[in-house]
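Two complexes follow with subunit A in common, the first pairing it with subunit B and the second with subunit C.
Right, the complex of A and B next:
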């Protein structure tokens, strides 16, 4: 190579001092990013992605230090430069975009002032700076930039705020842009727009990008080259398409196999997992860092550190068995369950839950906001109903209405197994309460941090099944062991457990009352993909064993598709499409579903035309007239139904057997448009 | 704390023993902190007085913390009108200066005693504790473990005291120590003003009140040493509360 790379890490080692002991977090990481190139770092949480990025910016936390190796920025070593030079570098050459735009912006300073400051730091006069701030916002495709300049961060939507952050990062014309999970907190449709923007800006400015994400699909779509980190070591690196099509390190292979994709479904496919857990921070290794979890590992792997082996061209992997990695045996955990009779003789698919005409109105600043509007759905025994939609579409509120945590408006009825349920929890009898339980998204908040694992589960058994305390504890331990929570962990508090284990405890609690329906509200979105796969397998096993039904809420369409039998697509508190999983995902699609599906970054690398949703989700306090989707609808223009769409709200009608849609455009016409 | 428990043992003389040969004598080898106008040993009285002030302050703070925590839990969890009305009442109470409430109470009851001091200070501290606890509970009750408890048919009292309370306990403990520091001052102030304990008791505030006019005749020791004791206890309690803050990372 003749050009000097923008950033080059050479054999970088970083350690964090924790309680006086140095713990190594990066182990000899080397990679380089050429000018204009996008380099992706992937790996599960705690493997050192962010540490690598912070080190590259010389922005390590106070207890972190570079113990070995060098960081070259445009050929100049920046490991030993002084604070002034670091400041100069960050001011004019390197910028960073953080994960959470809401905390990256100062809530007390107007957006315009914050962007202008970056220009002023680089010596622009304050009057010019404000003008340049406006231009910067235009560059990140913000409509009406003059108005946005005068706003505060909290007045912006997530996608808008992230655009502002990107505008700020680009204001100094950086030669390197570090993006740390820039779209992780955003909805799929917004994520797609932000990624499109980054792609365009990169083309226009030629900035080198270090892109960090746990989402392999995003990395695949955004980066020219990828590095895979595990336990602080770079285990594989190569051109994106080459690495994804022929992964050559067992860890990369495992990661790719964990992801529910390409139409996998629980009825036919079990997800692969990566056995074991990632090593604790600062573990020392004699051999390969991944040996303990690798199915190909032999004695050599455990005692000798493998070198990088060239696969093809620049594609390298740190493995003795890279030739066998692609065809390594699948790792599917098998769980033996004692068959248990639930007493139900119902057939899978017979109607268990019937929700009809559910609405919910919230009082917001004195005005009434209808967040759920006349939702009717059914769910059969042993089935999974997937609820999908952008944030604010009312997924979680529907779950709360069904569970009785909040009462529906007059006219809404929830029927369980033929029996009408009281509107609120306090009026339902114990059996009805136990019959419907929930697994929350965030186990840190859902498990009381002051109680032991056993107590969390046994208390639920005690209350819901009226067991004596000793019987409840015995049952709780049985449940926990069934969820593969080791007996040695039963007496600890949740804080001592990993994310996956916490979620297993939460699932054990949900199953304490022998439920008929378990609501799963984004149960895996806080987890790494390998853990997610194990949790999904567990849920499917439980469903098969007990004929439990699930209401599964997730923004990850791959996950929903894998686990659901029926799907309801929600928009602004309305069901816009409802049908079997297969029908909803194979089309013809409702225009909203179509846009949603097309915005998911595809991990298989096939290019798909993106159907953009223009504008932002309207406020439910002031929904558009006619069809609520019409101002954003990708299929309205040219459909010949424009006037109808704008004036009259369509009904949910059966367009095919078992497939319902809320759209004026006839399904045949949609089919034609979508092909 | 040490002197509060073993007061009588380390005191060199009985707190009421009067040595008429040594009235108003300056600090010496025999009387380390000197003697007061009745010939009583200031050192012994300071040591013995520590027990009175610490016990009274502790009990008063405990009362305030108990009432405040109960009200704060209920207000933060139940929200709505109950919360509104309760918090407005508590704010009104805390708007009146402490000393005025205390003096009014003593005047109304007509005499002063340690029980009354404890009650007065306890009630005065209730609004502050309630407000702190309520703020912590507001955040906690949004967390999903509370919804999970409702979903296993738990009663409100159980959710408040067994689920939420343990999680706001660190906040409460820190608030308790901060209040304890204030309580020391409050007890001493009330005694100094004669609205606290019975006159003549060896408590620090009373000692200062009984002797401060002598400062102008150069008899400074009976006033200085109890005052220093008040200050040092208040400072050390504040140091303890700072340490607790760090431990609980609040």
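Right, the complex of A and C next:
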């Protein structure tokens, strides 16, 4: 006998009306989720993941409508039920957890009242509801729930806010929980905690989960079955481990190949990309939705719509060539650069940038907060220095200090190629300014919307290299072409470009002054993995060609590992570990690095014990005594150095050649504990 | 919170000092000679001199300013030149009249404008929204005194539903009668302010309607109506309240045209008389008090905004 699925989508089609024209967003999506099962939907942005999730909640934007198919909740079609019935369903049976927990909570109502509201909707008296809200917070493992009840959303950290949202979602004892990118935007350690919590709650409650994420690692670790969406169509579906180990649709294969997973490094591996761009909203297809970007596509693919074919068991793929997908040719764009004589006599690895004893103190309401504490680092010609650490660890502030956007405290010195730099940008000469440039996370905000792409870059060339206008424009176009921005796009404004192209323009702008160092502050965090791979390849090419050095900031440890030669791990404004990428990632690890690495959901499916960091990041205005990590350190207890850890701050010492650590526990002991 | 309030009050006091200086200097350089008007063209130079000495106009400006400010601070607002009466006795009843008008106008304007804004936002893009927007903005571009005249002609003269004067004739008018007389001028002011306040309300409500927390509220299973009432309005009305508070001084301090047209003995009317008569002591103090009203209400608006918004309230407390 088969049980009735909790949720079933049958041939669901959803369209958005844009300027009077219906544009199809979901194209006949069918899948089902059994009671207690976790089903993951993956795909890049714009493929219809969130639309599917919100359709299941019967919540579409004002211009969205279900044009065909059905949504069955416990066997009952909910496409045509009225608003009252929808509200009743949301009150008692289906809940949702959102991507951005901080904005999902009402800023002017205490969180306790917001949770209690769910109980009240189900007929509980207001005093009882408040009590139950407290219990709900206890269930999501929030410390001191009675106090949290009285807080407002802005007084919660991201992880806490997401716990509150989860508590609110579970308050109605739902039979289906829809989670839309629940950990996107959270730090790796917080993400791991939230995912642990969801896993535990699922074990306890048996709730069915629809889990939406662009992060394949997260999906792999959270879901029983997975569906892959592309251009609004489900192209592959199967049990998680089976699908990840033998992906059978070229899109899935491509996605997995784009990811800089464990062990890959720029020196030996070039990332694969998916050529082309996703189709625009509402494109009509004669054949396979992926044909235009697929290296296996033939005439049949372009003219006939493939059916789902069974690979093995419940593993299905919508592809004529599913048997060949796993071994399809790589689609990387190989670029050969003629070795250039750039004028540098330096060898790769010779010291280019030296920062010593950088500190930064901010004034916060009259009290002094030391956000950067005595940081010294070096970076060689043609090398990449990766900065990693949780948010608030000081990554971006260090970049700002180096760039001169904010001056360091007395004693801090930044030396570039043997020349001491002025503390602030306004005191640096044009050559020094051009020598160090930055690429930001969000190219939307970094590029002037009113200027054409050429103008954005040529202006920088004019200012930084003192070129004449015509020479600057010529140089700008050369730079843009070098970044693979097509000449037909040189005169458009940024708004007409995709995220990846905008970032290429931003990189071209950064290279306008022929820089020696480019700071990349989360340059690929806002991009899809296939675009990320292309941008990372581009950066590596530029580095090889011009010996440019990068300071690379990212919360994605896989990306940092791939692109960096050296890594500095930061905690509370201090460097806790510094060494070659190889050393830092292979161990022995600093306890903080160990915890950070273990919290990353592994895409290979290998299970690894998570080393949790207990408690929250302390405020830099009131750092713990002794080693700043000691209250959270996973290796303090039982190490035999507890007293020392709590009373004295360790120095950054060289534990192996070229590998520095700030820890009282000797490296041999750490190595032993970590095996 | 206390620190924030103290700081704001400090700033307000500083602003007032600057205002007082500007007011004093402006009235001092105003053309026209009141002595001539009062003593007559044929008065002897000696008479002028004696008069100037008596009123203290022969002293240096700094001393005059000091005396004026000292008086204001100790409650002595000086003596009107044209009425030969203490300024306070002239301004007090006028201020009370202006306040009455402001209260009636506000009670009419605030709810109607807010409701209009909410209605527009809830029907975004539909006919109701367009009608309210176009109507509100069209009405706002016509000055209040034009509206006043139109209203008087229609409701006062043609229909005779409302009195043409805002001030009751009878000796001791009761509340009903007073309010009744103030309705027409209030409507004129409503026409001017409705477009502005309802637009701000509309923007606030739309922002809140599109917010993630509204989505959360709806997906919790609240009906749209309840969700709007419980989750949208509090957030949406924050900017509106601040905007209304900043309009209060405009209503209370100088509705010169409205008061003239409706023949209402308020602050604005006194102010205008003082200008025409070059009655410096009266004018200085009246203008200065208008400044006080504006700054006090701005202060109230700021504090109100902070109290209603926990985010600001917390920043303020830290």
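The rule is simple: the second predicted complex is superposed on the first by the 668 of 675 C-alpha atoms of A that agree within 3 Å, B and C clash if a C-alpha of one lies under 4 Å from a C-alpha of the other, contacts with A are read in each partner's own complex, and residues count from 1 in each chain.
One rule holds for everything that comes next: a contact is a pair of C-beta atoms (placed from the backbone, for glycine too) under 8 Å apart; a residue touches a chain by one contact, two chains touch by 3 or more.
Being a predicted model, the structure only gives us computed values, none of them experimental.
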May I ask you to decide whether A:121 touches subunit B, subunit C, both, or neither, giving the answer as first, second, both or neither? second
Applying the document's definition of touch, where does A:104 land relative to subunit B and subunit C: first, second, both, or neither? second
Of the partners subunit B and subunit C, which touch A:182 in the superposed model: first, second, both, neither? neither
A:87 in the overlay: touching subunit B, subunit C, both, or neither? Say first, second, both or neither. second
Figure out whether A:523 sits in contact with subunit B (first) or subunit C (second), or with both, or with neither. neither
Once the two complexes are aligned on chain A, which partner has more residues of subunit A within touching range, subunit B or subunit C? C
Which superposed partner A:430 touches (first subunit B, second subunit C, both, neither): first
Looking at A:174 after the superposition, I want to know if it touches subunit B, subunit C, both of them or none. Which is it: first, second, both, neither? neither
Please name which positions on subunit A make contact with subunit B in the complex. 403, 405, 425, 430, 433-434, 437-438, 440, 442, 445-451, 459-460, 463-464, 509, 512-513
Which residues, counting only subunit A, touch subunit C once they are in their complex? 57, 59, 83-84, 87-92, 95-96, 98, 100, 103-109, 117-118, 121, 152, 154-155, 165, 168, 172, 365
Residues of subunit B touching subunit A in their complex? 143-145, 147-154, 163, 166-167
Touching residues on subunit C, where the partner in the complex is subunit A: 211-213, 215-224, 230-231, 234-235, 238, 308-311, 314, 318
